[in-house]
Each structure stands twice: as C-alpha cells, then as structure tokens.
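A quick write-up on the structure given underneath.
Labels A, B, C and D are assigned to the chains in the order they are written; within every chain, residues are numbered from 1.
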Amino acid sequence: MSRLSLWIVLSVLAICALPFVLERHSTELMIFAAFYAIAGLGVGLLLGQCGIVNLAQAFFYGIGAYASAYGTVVLGWTPALGMLVGVGVAGLIALAIGWPILKLTGFFLALATLGIGIIGTILFFEWDWLTGGTLGIGGLPPLSIAGFAFDTPDRFYFLAWGVALGLLWLAHNLTNGRPGLAMRAVRDAAPAVEGLGVDIHGLRIKVFVICAMLGALAGSLFAHYVSYVSVESFTVQRSIVFLLIPVIAGPRVVWGVVPGALFVTLVPEWLTGFGDIHQMLFGLVLVVVVTLLPEGLTGLPARLGRRVTR
Amino acid sequence: MSAPILELNSVAHAFGGLNVLRDVSFAVPRGGIAGLIGPNGSGKTTLFNIASGYLVPNAGEIRLEGRAITRDSVPARSRAGLIRTFQTPKIFGHMTVAENVAMGLYMKTRSGFAATMFRGPAERREYRRIEAEAEAMMDRFGLLPLSKTRAGELPAGQQRLVEIARARMAGPKLLLLDEPSSGLSHDEVQRLRRWIEELAAEGITILLVSHDMGLMNVCQRVHALYFGKIIAIGTMADIQADPAVRDAYLGG
Amino acid sequence: MTMTLVWQSLLAGLANSFIYAMVGIGIAVIYKGTRIVNAMQGDFAVIGGMTAVFALSSWGLPYPVGFALGILAGTATGWLIDRFCVRPMMRRNAEEDAFLLLTIGLAFTIGAAVLYFAGRDAHLLPGLGGSGSVQIFGAFMPVHAIWLIVISLAVVFGLWAFYRWSIIGLSMIAASISADGAETNGIDVSRMRGYTFALGGAIGALAGILVTPLIAVSYQMGLGITLKGFAAAILGGLANPLGAVIGGLVIGVSEAMAVVGLSSGYKDVVALGIMLIMMVLMPNGLLGHAGRKGG
Amino acid sequence: MRISRYFRAATAALALLSAGPLSAQEKESIRLGAILSTTGGLASLGLAERDGVLLAQKVLNARGGIKGHSIEIVVEDDSSNPDAAMSKINTLIHSENVKAVIGPTGIAQTVAVGALTQREEIPLLAFTGMGPAVEASRTCVLHLTPAQGLNARALLSYVRDNGGKTVGVLHDSGYGQVIWGVMKDLGEEFGVTFTAVEKFELSAADATAQAAKVKASEPDMVIVLSSNATGFRNLRQVGLTQPIVSVHGTALYDVVRAMGDASDNVVYAEFLIAEDPLPNQTEFVAEFQKEYGRLPKHFEAAGWDAVMAVAAALEKTGPEPAGGALCEALRGPYPGAFGKYDFSAPDMGGLTLEAFSYSLLTKGAFSRLPYHAK
C-alpha cells in the first residue's frame, strides 16, 4: 500500500469517527466542509487537471440550491427529484456556456467565468418569482432517500461526507485513467496533445460540465441542510472561496480538496477570535499561501523535506 | 500506383507582409523516408505546421492519402494517421516517462469519463493493455529504466526519444519528424538513425526535417526548400550536387 | 421616452464611461508592463480615495496635498505588492492563474483592511469646480464629471507619450515583451516591473480620487469597479490604455441605453454580456491589435 | 477561540469593574449570544447594532444585573454570510449555552438561524422584519424592525397626506426590491399612482440613468427604497427638485454623509430622531451619547432594546428559565426605544404605524416633522 493510500484510509477513518468525539457545532462545521469539498472538487478538477480558473461555481451551487428549494417547497417534488433536476439543469447550462467560452484560455477564460458568475447572481436577484430574491425560499423538507430522513446533524454528516468521499473516489479514478492522463498532458503541452488526436475543447467541456454538476449537488445538499436559501449564499465571494479550496491545498492532488475545504471552514472560524480584523487576516493568509506555497498545503511536507535534506 | 500519402498543392502562406511559403507543391509517396532541407527561415517549420494542421495556409491544398484535409483540425489529422514531433520536444513535463508514452495510445483506446470513474472491467483491462504496450515501447527505445522519472527532468536528448516513442505509440501512417537530432549526442544520433530505418521498415512513411546532413542520408528522396519554394528534389547525393542548392547554401 | 431623457442618460453614461476607463487604463498599464491581470485595481482606487478623504477631513490638510497623498498611497501600495508578492512568484515562474489568485486575495485583504482601519462609512470628496451641475441642452451634468473626463483624457495622452518617448516607458514595454532580451540590453526587468506596478497603483489611486466626488468611496466598492474596468480594458484589447477609454465608452453608454430602452435591473447583465461576447468573437479587442496572448 | 475567550474575560472584567452592587459579582453571570454582521456587506448595520447591544450590557450590569446576576453577551460575527451564521448559532447554543440570541442582522441569516433556535426554543431577537412564509410559524423568533408592508404603508401614508398623487420610485434590487414588492399593490388603497419604477443593482455605484427616467415621469414626489446613498445623489444630480421620501434603512448618519449635497429635502419614515428624542427614547439617547460621544440612530436603539427586552423577560423567569419559558415571557408588549413592540403580534414585532416618526433632512441635519401616520 502506498503512502498516499494509507493517508486516505486514515483520513476516511478519522472522518467516520469524528462525530462521536466532536462538539455539536464542530460537527456542523464539518458538514459545511463536506459541501465545500464537493463544490471545490469540481473547481479543483478544472484548475488542477485542465488549468482553468472557474469563478462561476457559486452560480451552479445556486442552481442546485434553488432547484431543490423551488421544487420541494413550491412544486411539491420529492427532495431526490429536486436534486436531480438541479444537477441536470446545471449540467445543461454549463454545456451551453462552456461551448463558446472554453475556447478562451488563461486570464480571459477566468474573467469570462467571473462575468458569468456575476450575471448569475444578478439573475438570482432579478428572478424573484423563482428565487424569492432577497427574502429567499424557506421551509425545505429534510433530505430523505427511500423513506430514510437525514434530519439530524449526525445523519447528515455521514450523508454529506459519504457523498463527498464517493465523489472523490470517482474523481481520483478519472484523473488516473485515460481522460485524466490527457487532461494533465494538456496542462504541459497542449499542441502535442492535439497532435495525439485528443479533442481538447471537448475534454474541457466535459470537465466543466462535471464541475457544474458537482457545484449543483453541493448546493442542493446545502439547501436541504439549512432548509433555507437566499441570494447571499451564491455571490462571487462564494465562488472565490470555492476556488481557494483547491488552491490552498494544491490543485494537482484531487484529495487536496479535503484539507482545502477544512481550511476555508475552520480557519475563518478560528480567526474570528481575533475580533473584527479576522477577514483581513484571512486575506493575508491567502496571499501568503499563494505567494510562498505554489503547491499549496499538500506540497508543504515535500517542500519541508527538500529543505531538510538539502 | 496508389495516391501519395501526403500531397501539397500550390501551398502559400504569409505572416503579415512576409511571404514564407510561395507556391509549394510536392508529394510524399507511400513508404520510405522522405526529407526536407533548407536553410534557416526557408519555411520548413511553417510547412510542417501547415501539413499537420496547426496552421491554415492562405492558399493551396493538402491531401492525405488522396483526401483533402486542408480544413481538418489537428486531432482529425492525427486520427487519420498523421503524427508529428516538434523542433523543441513537446513532452508532458509533469508526467512520468511511462505516462508520456502511454498518452500515445489515446486514439487507440476508448475508455470515456463514465467508464473511467466507475472503473468498469473493460476499463481496467484496457488500462492494463495501455501499461503493457507502453512498457514494450519504452523497452524498445531504451527508456524502461526511466519509466517512473518525471519527463521534465530528463536531458533534452532523452526527451526527444520519449517524444518519438510516444509518436510511434499513436500508430502513425505518416510520421513527421522536426529536427529530431538536435540536442542529441553523436551516439544517440546513430541510434536515432537506426530507429528511423526500423520505423520505415514497419511500413510507416517518414518525412524528416533536419540540418544534420549525416542523418539526412537515410532519406530516399529529399526536397530542398529555399525562401518558400522547392528548388530541387532528388537523393541526398543529387541534392548536394545540384547547383541551385549549392548557390542557396553557399552563395546566399 | 423623451429626447431629453435619452440625452440625460447618455450624459450620465458618458461620466460613468470615464470612471470605468480610468480603472481600465490602470489594468491595461499593469497588463502591458507585466502580463498580469490585476483583479485589485479597484482597490487601488479605494486606497487613493480613502487616503484623500482622511487627509482632508481627519488631518485637515489642503485639497492638493490630500490629492497628492492619495496618489502616493496608491503608488506605494503598487510598489509594495510587486516587491513582496509578485517578485517571489516571478522568481519561481508562477503560472497565470497564481497571479490572478494573488490579486484576488489582495483585493479581499485590502477591502477587509479598509473596513477595519477606516471604518464602514462611505465618504465623499468635494468636487473639482464645486459640487454644482451644468445644464447642457436640458440635461444635467456635474461640473466635476467634466473635470473627470478632461483629466482622464490627459492621462491617456500622457501615457501614450510616456510609452512612446521616455526611456523608462520604452524599457517597461521591452521588459514585458521579452525579459531575456531586455536583460541583455541592460534593462533591469524586475525594477521595470516595480515601476509598472507603482504606475498602475498611481493611476488607480487617481481614479479613486477623481471618482470620490461622484460616488462615495467605501470598503466594499473595489470589486465592482474592478469588473467594469476589466470589461473596458478587455474591449480595448487589454494592453492598450487608449483602447480602455473606448472600451469604457462602449460599456458606459450601452449600460445607460440599456436602462432607458430595456429594464434597469439588467444594466450589469448588458455590460458583462458585451464583455463576454467581445472576448469570444473579437479576442483582440475593438482596435484589433494583437496585444494579448492566449484566448 | 483562545483570543475570543480572553476578549470575553476582558469584557467580563470590565463589567465587574463598572458593576456597582456587590451582589452582581457573587452570582454566576447569565450568558446571552449575539450574531451580528460586523464585517462584510452588512457591516454598517451590524456595527451599529453591536454598539447598542454592548451599551445595554454595560448599563444593565452597572445597575446590578438581573436579580444579582450580571449579563455576559458573547458577540459573534457572521461576516454577512448565512453559512457562517449557521455555524455560529451552533457555537452559541451548544458550546456557550446562551439563554437567548440577539440578531442576526440580515434576513437570510435570520431565516436560516431561526430554523434552529425555534427547534431549541431559544429566543432569537432579529433585526429584520418578518420575511418569507415559514417565519409566520416561528413564534420564538422576534422581529425588532418593522415588516416590509408596514414600511411601505408608512411611506405611502405620508405621501397621501402631503398632497402626493403621483410618485416615482427608485429602488435597489435587494432591500428595496422587497419593500417595492409589497408597495406596488398598495397604490390604489392610498390613492397614489406610480409614474415610474426604476431598479438599480445592489452593488451599483451609479444609477443616474434610472434617476433620469424617474425624473422624466414628472412625479409629485419620489420614493427611494434602498440601503445606500447612490439613488439620492443621482436624483439630485439630474436636477430633481421634488421632495424625496425614504425608508428608515437610509436614515443613518453614515448614509446621509455619503449623500453629500443631496442630503436635503428628504423625508424619512423612521424611528429615532436623536436630536429631538421622544420621551421613551431620552434615556437611551443620553446613555449612548455618554458612552460613545455621538448620537445614535434606530439600529443602535434596536440593539439596546433587544438586550433590554431579554433582561425584562429574565426578571420574570429568573436566571435559569425552563425550556421555552423565556420565549413565553418575551411574548407580549414591550416599550422600547425603537418603538412600542408587541412580540405577541402575528408578525412577532407588533410595531404599528404609530411607531413611526417622520423626519426632514435639511442640509445633512435631521429634524422632527409634526406629521403622524394614520
């Protein structure tokens, strides 16, 4: 067994054991971390495998959340149907948007996704017949699958982390298989990849769609958990947080989104202890990570190791 | 006789106001090794880029096995059997040598997103096949001891071998080699020469661009390009004796 | 819909155009000199505006001094960012997305820092030429807006001359086009990058000071104006300060027309939509010069 | 966490120093929680509320606390973000064991957090009006600012009684949109015609074109529904001379400052005119001015009222109220500095049109208008 898989097994065990030892509010934080891990995984696949900066993830997160909210509260759907519709709609929209904009690269693609994220937020505000605008939609039923309701934090914890770990395993397989190989190759030498018969644009669209679907799934879980959605949860700031998840942990490692998601949920929580200065401190931490740790936190042990052996 | 594997008809291209290619026409017959020589700036790389689809020419037509491919994308040409290498090797620096070589098999395999994510039995089988074939190919090019090394850490000469091994994995009908000997030691060039002959013997048509006259000797037919025009065609000996070529190289 | 209304909206759009243009110019200057897209350009404006406000209201300094201090603050911030963040990243050849993340992180930090240190209030500066409006064919325009337009145009002309004739300007361009080439010609590339960031910071701060009589400056306005600046800069081809003015005009005027002709809620959708469509269809901007890589 | 504990220890020590009677120090303090948006987009409201909350804590403890128990308020910042509010509420309920929670600042946070506090039967004293339908059943979530319908009526009532037949409306896409959603159906009832309704985005720094459209419709008066100064400035910049009528959300000193020259000829339907306070407000205004050296507005008053209302209820239940008892004790009339509340009303706030004071803004200064809403 490689060292990586040992780490993975240990982390999975730790995640399973946590709710039994944690305080209630820490369990709560861990549930949010799971949502972040799922949405961040999408962004991480785009960034780490394709080198694409996606600043529109909160838009897809919102689509999932609103589909669940509108579907279950207004239309009386079952939670599962709402979730399915949300993921499907997000995928279709990503396909329609991705087709033209994924022809761009680098900064321009990043700015294009930023523009889409902002348009998304505006539409969430404007279409208040659908989203409830600033008031939002409340009263979502707890998520239940085949009659089993995930209505306590502990149950939801296992659901959210079960889904997150399952998706991580799928993503892990993907990046280590044939498509993943091609995606990583694109980052190093795109012309050569084309020369080997790979349709790069098609590949990027597929990953973009997957990213959007993951965002929608996370949004839908989130909506059912807090039982309330409003525009404030789907702003560009949220997209930036989603982007930070893979960045902080090092985007090339799929499993990095777990420490990344923990970082963006726990660190701000700790920093609030410093009073009103906490947001500034969080910003500074980010700047330091980006400036000094190119491979993120997961690259840190290797970096330290290199320094010691040198 | 069947159609030539590659045909260029009246191809012309200009960057800004600069005419890089002016009415270039030649054909590469199926089988064997063809060469393209010319001084720096004569348009060799532009010609390669046009043939492999990285550049759409201003005018003219390109045919692969008799079929017009002028407007086809790079991947489409690759799938039709036209594979190339680059003047500065474009290897995948963050990936291992084994992964680099395995990438060559992309077109010959089919596991999609869903199959890969859920690790179906077919996908596993295919992945094992990819690994086995990559291993065989690395063995053949003497890269096996390096299989776990990150390709970006290799010296230039070995990067070039990785690129050629990868191209061979892609199963080309026509292989375009752009300056394959630059950065290689004398011994490595000799080995490269043997491999090129071996590949040709397997039935792969090769079009070779090189400055290395020693290496160009492997070519059965050489085209001399000078300021965007083909000025001579023949064996290497013919070319070297051709007065127009001598003028171009010595007098120009 | 009366003609006066259209004309009034047009004038309003014109004033906004130059606000967007000023931010866009800063983005273009930094991109031209470093090939980095700066997502915190709007925060330079916040720094400049806030410094000027505090210089005037809290420290009681005269207007010109406050003006100069604001620009100095922007310049210093730009230089510090290059010195402490960009330089170490350049040294290890960081990728494009890392620089984008850096500037996003800085924008976030500066916004939070302004809230912490300067407080939550939105502040105004007195306008140049007073706070009155002039009536032009039945429509109103603040006197200060006219000053804003004049100064923006002067900045564009100044930059054009600077890049064309001054040794430093030429060196800055050379350093960004080919670092190695510039290095062999004795140009200190990293110093030029420092100058570029300082210049970008100065222009950003100037934009902030000029905007503050029209729009109250507050800790959270950075991202919003950065985005409009982006849209303007991208329309202009990104590496072209003059283009940013034209881009700003397109965005500002089409926004105003969207309000008159369409629903006012979709103003930003229209502006960003134009940006997106332009990026996909005309990747080199309205002026068509190939000033960017990628895309 | 550690720092916040120090911070708390420090505030507790401060409270001890300022506490008068000895008995307050001997008994265990009563712990309350507060979730306020002191950073992020809503910071200007959240910081104002915090000033009121902390002042109330200090004053209460100086007066000897509740039955000899001092009050300790654990203030948490939700960064204007509902997710953060969710995790903070769990800290407060499960780790800090607070008896009641003051806040949140925003609607989204209130609805999200309310689901939890309602289940735990912990009173939530939110600085929002009643929001979406689910809130109607949350009897333990009290609202310290008026519901949007009431705001709309207060404005239209003024317009009607002061000769406004035609009205132009300029509103933002957040707070303003919500009020407009109610107001648009009330025009007929008040005999008011809306000649132009223009919206601008929450983050917009400029709405001149919208303002021009409103002006072009030549209304008798203009109603501005927004949370910032943008609309006011733009309306005056395009030469609008008619009176502007606006909601309490912009009747704040910082918003008025940001209006610059536009802070003139604006009428507010608001709650606290500290320059000329009502009898039930004088005590708060005096205490506030003594503590902070400036005048408060109604959000500070709401913060003060929230703490004082909880304190009053705790006087009834004692320091260890049984499950739900504190909610029960709170449910009833409470005369606040903000206005006369009745937390047993269907909207869990019970403010009426009578609670509104009308002020006129003249060159940046508020003065009381003799008008009373009917």
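Simple rule for what comes next: a contact is a pair of C-beta atoms (placed from the backbone, for glycine too) under 8 Å apart; a residue touches a chain by one contact, two chains touch by 3 or more.
Given the structure is predicted, the values throughout are model-derived calculations rather than measurements.
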item	value
Touching both chain B and chain C (chains)	A
Centrality ranking, top chain (CA atoms only)	A
From chain D, the most remote chain by mean C-alpha position	B
Inter-centroid spacing, chain C versus chain A (mean Cα positions, whole Å)	31
Distance between the centres, which are taken as Cα means, of chain D and chain B, whole angstrom	72
Centroid spacing, where centroids are CA-atom means, of chain A and chain D in whole angstrom	35
Gap in Å, rounded to a whole number, between the CA centres of chain B and chain A	41
Set of chain C residues in contact with two or more other chains	112, 115, 265, 268
Residues of chain A touching at least two other chains	122, 125-126, 276, 279
Touching two or more other chains - residue numbers and ranges from chain D	39, 173, 201
Category of the chain touch graph - line, ring, star, complete, other	other
Touching chain combinations (by label order)	A-B, A-C, A-D, C-D
Chain C - residues contacting chain D, complex	2, 4-5, 8-9, 12-13, 15-16, 19, 112, 115, 120-124, 131, 133, 135, 139-140, 142, 213-216, 218-221, 224-225, 255-256, 259-260, 263-265, 267-268
Contacting residues of chain D [partner chain C, same complex]	39, 41, 43-44, 47, 173, 198-201, 203-213, 215-216, 228-230, 233-234, 237-239, 254-255, 257-258, 260-261
Touching residues (chain side chain A, partner chain C) in the complex	47, 51, 53, 100-101, 103-112, 114-116, 118-119, 122-123, 125-126, 236, 240, 243-244, 247, 276-277, 279-280, 282-284, 286-287, 290-292, 294
Footprint of chain D on chain A - complex, ascending	23-25, 28-29, 32, 122, 125-126, 128, 132-139, 222, 226-228, 230-233, 265, 268-270, 272-276, 278-279
Touching residues on chain C, where the partner in the complex is chain A	37, 84-85, 88-89, 92, 94-98, 100-102, 104-106, 108-113, 115-116, 223, 227, 230-231, 234, 265-266, 268-269, 272-273, 275-276, 279-280, 283, 292-295
